[in-house]
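Input: structures, listed below.
Common to both upcoming complexes is chain A, partnered first by chain B, then by chain C.
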Partner chain A sequence: MSRAGSITGGRRAWLSSRSGVIKAGRLLASLAATLLGLLLITFLIGRVMPIDPVLAVVGERATNEVYMATRAAMGLDEPLIVQFFNYLREVLTGDFGNSLLTSRPVIDDIARVFPATLELATVATLIGVILGIPAGVLAAVHQGRWPDHLVRLIGLFGYSMPIFWLGLMGLLIFYGKLDWVAGPGRLDVFFEDIVPQVTGVILIDSLLAGDTEVFANALSHIILPASVLGYYSLAYISRMTRSFMLEQLAQEYVTTARVKGLSEARVIWRHALGNVMVPLITVVALSYASLLEGSVLTEIVFAWPGIGFYITNALLSADMNAVLGGTVVIGLVFIGLNLLSDVLYRFVDPRAR
Partner chain B sequence: MIDRTLANGTRTGLLGWLTTDTPTSRAQARCIQTYLAWLGLARNPLAMLGLGIVVALVLAAVFAPLLAPADPLAQDLSRRLLPPGSPGYLLGSDELGRDILSRLLYGARVTLYIVALVVVTAPVFGLIVGTVAGYAGGWIDAVLMRMTDVFLAFPRLILALAFVAALGPGIGNAVLAIALTSWPPYARIARAETLTIRNSDFIAAIRLQGASPPRIVVGHVMPLCLSSVIVRVTLDMAGIILTAAGLGFLGLGAQPPLPEWGAMISTGRQFILDQWWVAAMPGLAIFTVSLGFNLLGDGLRDALDPRSGR
Partner chain C sequence: MDGDLAESGRRSEQEASQMTKFTSAFAAGMLAVVAMTSTAALAATPKDTLVIATTIDDIVSLDPAEAFEFSGGDLLQNTYDRLVEFDPKNLGAGYQPGLATSWTVSADGRTFTLTMREGVKFQSGNPFTAEDAAFSLRRAVLLEKTPSFILTQFGFTKDNVNETIKATDDRTLVIVTDKKYAQSFVLNCLSATIGSIVDWKVAMEHEKDGDMGYEWLKTNTAGTGAYALRSWKPNESYVLEANADYWRAKPAMKRVFIRHVSESASQRLQLEKGDIDIARNLSPEDIAAVSGNGDLKVAEDLRGRIMYMSLNMKKAPLDNPKVVEAFKWAIDYKGMTDTILRGQYTVHQAFLPLTYLGELKEQPYSLDIAKAKALLAEAGLADGVSVTINHRNEPQVMAVAQAIQGTLTQAGIKVELAAMTGKQSLGEYRAREHDIYLGAWGPDYPDPHTNADTFAHNPNNADEAKLTGKLAWRNAWDIPEMTKATAAAVEEADTEKRAEMYRSIQREHQRTSPFVILFQKIEQTGLRKGVEGLVTGSAISSVYYWTVTK
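Here is the complex of A and B:
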């Protein structure tokens, strides 16, 4: 309880102190610069591509006048710097152009596919956190003995395995041979479009509609891809938890707690782990963000209709608006998660304020 | 030279030259340092296993024509999709009747080629950016580090995908895309090292002797950043291999019929439920090689950089 009090008190202090304002201002400025850089990179990628965007619109047989007129209408005759500001204005208003493949605005497409990726990455992170943190704690407590070696081995395998291959082998064993889980996709065909779409996350939508059959089917579809992704998250989280825990267990307050006669479980799981939770926030946020990236390959393997699947399909049909739009959105989410972990860190750890 | 231990405990010969407390030249001091690092590494069995795997990869790539039982591109449609252990096909054959073992051995060349090209470009670029930023300070530092942060803000595979989309698929463009996305961590490391080095007395002494900033950075700062960058490179190699395989799997890296491991998994995907070995074998190869690099990298880090060991 005193802990909660100190956090709200600390927040007030953080907001009112002058250094806090300067820090927040610096954070915002660096955020804006990063955003600008991100957009500059995607803009340049869009400009160096060998496909002529005008030709894609007017076709091969257009006369020179039509070609030049379209070029001017698309703003491509302006100097590069003007084009960049035009691009900036479009992106900031959420306009990524139309997708060649679906002929719908890219932003609508992304809004449609993003919940699928979010669902997958969230379940995967949950798996990684629930298994990874206890594994890391156990490894640290039994440093140098077999639980430690086992956890390190699991982590090492996670860092070395191609995720798409692990997914394929998972499909082969758990779907092909054992038939424990459902195959690729988010739902079986006859379960599709039964529950009304509210959040786009099927696990939540089916619960809202009270349809347990759809929920069970969705769960059986998501469990394998989420476990594959979650394994990577587990490898990272357990490794970091282990090293943070080792640091804490060597501190004097742990000795004091033991001398006071607290049970070993209380010393480890409450005192030491409590202090580890703070840096772990950053680790979990980073692993969540990196799952968005890992999801590209996993989504391909499991035909999961998320943003990675969307970008890759767009890529293979040279649909640059969709590729760049998707890249910007993933970059934004990445930056957003980094910012979130930074802010959370400052709230939770009084030393970081 | 014969190694002998003299009465006072000092040794002669090559080993003595390598273990002396009083090196007589800069070259000897370097050799002693390398030897001591090697001793640290050799004590770690897992690191030696990693080294063994990496050496095996290099040997497989170099001697692929001698080791491979068949031509990796030779098709034989009457003998397609044979299971492992079939006569003449130790690891089975793929959908065009090509020997998977031979394709794996030749695939080691492709993997090594990609890794080598990335390793001679990205860390060098990162090293230059980092040392210049750290040594110069001021607005140069601010601009360069902001640039680094922007690249770090992108997920690596997504950025590589976007680059390949713009440049077109192919092994050269895949290398370029991976290099463009993997230099920022090296810049960060080199800058951090430079900041601790640049205020030391020996740098001040060199500056007083009239050395120009480029000379100080290239001749005196960069060599001291090398060891931490090398450790990071070894740790990153597994990531580079996995990214390259991922691009190959998506059809954006090496193009068929080149025997690239990721692309081989991609074709094996069609037969995954019935002819699992077509996808499983190249995956095992990728896994083994990245495991080797990870083990070696961990060992090198412990041997060269005791601070982060644990």
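Here is the complex of A and C:
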């Protein structure tokens, strides 16, 4: 009996591991297809844009010989499809080429700009989540009364104010007038290059190096742009939380819980909120992903050297290696966050296991 | 998505207190963050440190053989020296001894013998010799990057450069040009960024596949300049550290931090707070605010960029001199610099930017609608003319185009504005298909020939000649006499005489050319009150930091 059981158990394990492999294989295949499609589309868009990448390098007044030589050196005299496959071959060996604008390997550039965006987006999302979810719950619980109106008003303001304006006003008030936070940039110039770069995220690197002064300065720099971006994600998260919660609070199990005599706090924060976690994870992941693309306007106002500014600048100068490299990174971020949400679903929702 | 809320009926005390607890905890947390961070802000930059906010995203390369943008010029000005250089304290004096202390020119005007300065060291510690100078100039020719034409126009080629640019001993450099050129022309060109002298030992240490250190020098510097590049983060920032052994003077600013801040309002806030000493890209509104602030000041400098309008001589009736002149009287030059271009451009009506050798300050034209109408009537066009003005879709150019359209309409010229991308407008312009082009031109090197060659030189007006680099050709302006005069000016050995030749060419150009020269660029810089001695380089040079004190 026990032997038979173990045999069946083993077979089941084998079966499930086989289906696991199949699943993983499918996942990888769809991942590869997604990335390939993304690259192809970005590549083609880059080539049909009315900007000449050669001119971006040699300038308008270059002689024809210099122009043609540069064009050939950049491989632009090959047919489009050949150019794409050449590029793909190099990417597969881990070589994203050099950026035209910075003259450095794209991979190095991204290693520099992406952590800046990651740091900003993460702090912003934390702000959005920590404030947005309770605000949404508060609004749902007090539906139609002033806390609800207040939260909705704050959300509406966050949605409708141009982020550029919000950033400038924030700088003017909290940096210019009140002196509460530091100005544009990731650090005061005097703090730059003090802590060794490990992750590229200054808040983490400074802690790793045990340098609290640099940490405090970095925090002072990040708090305002992160709040501005966080406000935007707060607006989104609180609105979605509110509507998910309203739906849950109308369910019969909530009434049952109350009838059972559970405290209102437990009903709301444990039972109702527990059930909106799954859709909320999607909302938070989406909002996080959109911040990880880089917010060009925020980056410009706060002189934040992130990936949004990097890609936009590259796009405007037809620096296609940089654009494609950035696209791959952002594509991977989206895919990674999707996977992460899948894992989290399983964690919070037993049915998904 | 919003569902209806089932009437919850009661809300316990507990819930209310939970909310209050949350709110107060949040408020306490925010206060803690604010308290923690507010102490971190610094009041002012140290005495021996200069912090500058500007835009550096145009820099493509730090190699002097390739760099051809404004920000790159600024960086290389301070990290390298050239054989002849302008004196930042007196830019108008023209080229002065730099790494070369003196020079002689042979009787035939083709051989330049330059004596190198002694006791100068590169930032690496290597002594500077004539070999470095020869290597740097040859390298610029051999690498064939865009600005190489500044040197190759003297006949240096890949094949002859080892013979034509030569160090005969440690202290002597001999340069042989293909024909006679004005001494001032050759030396002015050597003062351009491409004439920067590179430490050849360091460059060759980093050589890869015979590139003479090109890959390495794209992101590093190896010069004798007042500053060495300590860190370089593209599109973000760079840091310069003073060269304590600098041969001219000991720079007062030990370190210079240059930060990329593209937003004018951000630059202004940082300047007001004292976090930066200099803001270089302030909008007119922010400049106004800065000049009204007792702790700050505004410096103004002329730059080389010229805005102009040109009429295609292939298109009737634009080829009628009367019509051309009518256009020149139908533009409100001063009105534009007082309003839409305030603080950004000044009226200028000659093709050489002010501060160039041979500059011409005369402004013969101003808005006179009656005169313009009379000229059109004389040309038999009393009923009016219709034209299209091509221009780029940049806000400033578009504003100028609209202002011009306004006054031209008053004179009876019906104008259609065609805003285009840079590629489109340039394409039509180079193909000579435009009616009228409105745009800007910036000089390539600090010698009058750079603009004279394009505005006043057209050796072959035929379509097949395809002299697309020359504005005179693009506008099909056939000028055998002026072409001769421009060619003669390039050879004139006497510098004062040469300057006079350019003034006379420009007067004739003002009178007869299909170019309506409109404005010259002004740069306004915001500074903290204590910052002295900053020279932004005018039209002929770039910014200098070693002269700064505070």
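One rule holds for everything that comes next: the second predicted complex is superposed on the first by the 265 of 353 C-alpha atoms of A that agree within 3 Å, B and C clash if a C-alpha of one lies under 4 Å from a C-alpha of the other, contacts with A are read in each partner's own complex, and residues count from 1 in each chain.
As a working rule, contacts are C-beta pairs under 8 Å (C-beta built on N, C-alpha and C of every residue); 3 or more make two chains touch, one makes a residue touch a chain.
Computed from a prediction, not measured in an experiment: that's the story for all the values here.
K.L.:
Considering only the touch criterion stated at the top, classify A:Gly176 as touching first (chain B), second (chain C), both, or neither.
P.N.:
A:Gly176: touches chain B and chain C.
K.L.:
For A:Ile300, using the defined touch cut-off, is the partner it touches chain B, chain C, both, or neither? Pick first, second, both or neither.
P.N.:
In the superposition, A:Ile300 contacts both chain B and chain C.
K.L.:
Thinking of the overlay built on chain A, is A:Asn275 touched by chain B (first), by chain C (second), by both, or by neither?
P.N.:
In the superposed model, A:Asn275 contacts neither chain B nor chain C.
K.L.:
Looking at chain A, which partner touches more of its residues: chain C or chain B?
P.N.:
The partner that reaches more residues of chain A in the superposed model: C.
K.L.:
With both complexes superposed on chain A, which partner does A:Leu168 reach: first (chain B), second (chain C), both or neither?
P.N.:
In the superposition, A:Leu168 touches chain B and chain C alike.
K.L.:
Can A:Ile311 be said to touch chain B (first), chain C (second), both, or neither?
P.N.:
The answer is first: A:Ile311 touches chain B but not chain C.
K.L.:
If we overlay the two complexes on their shared chain A, which of chain B and chain C does A:Ser30 touch? Say first, second, both or neither.
P.N.:
A:Ser30: touches chain B, not chain C.
K.L.:
First (chain B), second (chain C), both or neither: which does A:Ser243 touch?
P.N.:
both
K.L.:
A:Ser287 in the overlay: touching chain B, chain C, both, or neither? Say first, second, both or neither.
P.N.:
In the superposed model, A:Ser287 contacts neither chain B nor chain C.
K.L.:
Could you tell me if A:Ser341 is touching chain B, chain C, both of them or neither one (first, second, both, neither)?
P.N.:
neither
K.L.:
Jot down the residues of chain A that show up as touching in both complexes, chain B in one and chain C in the other.
P.N.:
The overlap between the chain B and chain C interfaces on chain A comprises residues 50, 168, 171-172, 176, 243, 246, 300-301.
K.L.:
Considering only the defined contacts, which chain C positions touch chain A in the complex?
P.N.:
Against chain A, the touching part of chain C is residues 1-6, 8-12, 14-15, 18-19, 22, 26, 33-34, 36-42, 46, 49, 51, 53, 57, 60-62, 68, 144-146, 148-149, 218-219, 231, 233-237, 239, 257, 259-263, 265-266, 269-270, 272-273, 275, 421, 423-424, 426, 444, 469.
K.L.:
Can you list the residues on chain B that touch chain A in the complex?
P.N.:
146-147, 149-151, 153-159, 161-168, 238, 242, 245-246, 249-252, 262, 265, 268-269, 272-273, 276, 279-280, 282-283, 286-287, 290-291, 294-295, 310
K.L.:
Which of the residues in chain A come into contact with chain C in the complex?
P.N.:
On the chain A side, the touching residues are 50-52, 55-63, 65-66, 69, 99-104, 109, 112, 131, 134, 138, 140-141, 143-144, 168, 171-172, 175-176, 179-185, 188-190, 192-193, 216-217, 219-220, 223, 240, 242-243, 246-247, 249-250, 254-255, 258, 263-265, 268-269, 300-303, 305, 309-310, 313.
K.L.:
Please name which positions on chain A make contact with chain B in the complex.
P.N.:
30, 33-34, 37-38, 40-42, 45-46, 48-50, 156-157, 159-165, 168-169, 171-172, 176, 243, 246, 289-290, 292-294, 296-297, 300-301, 311-312, 315-316, 318, 320, 323-324, 326-327, 330-331, 334-335, 338
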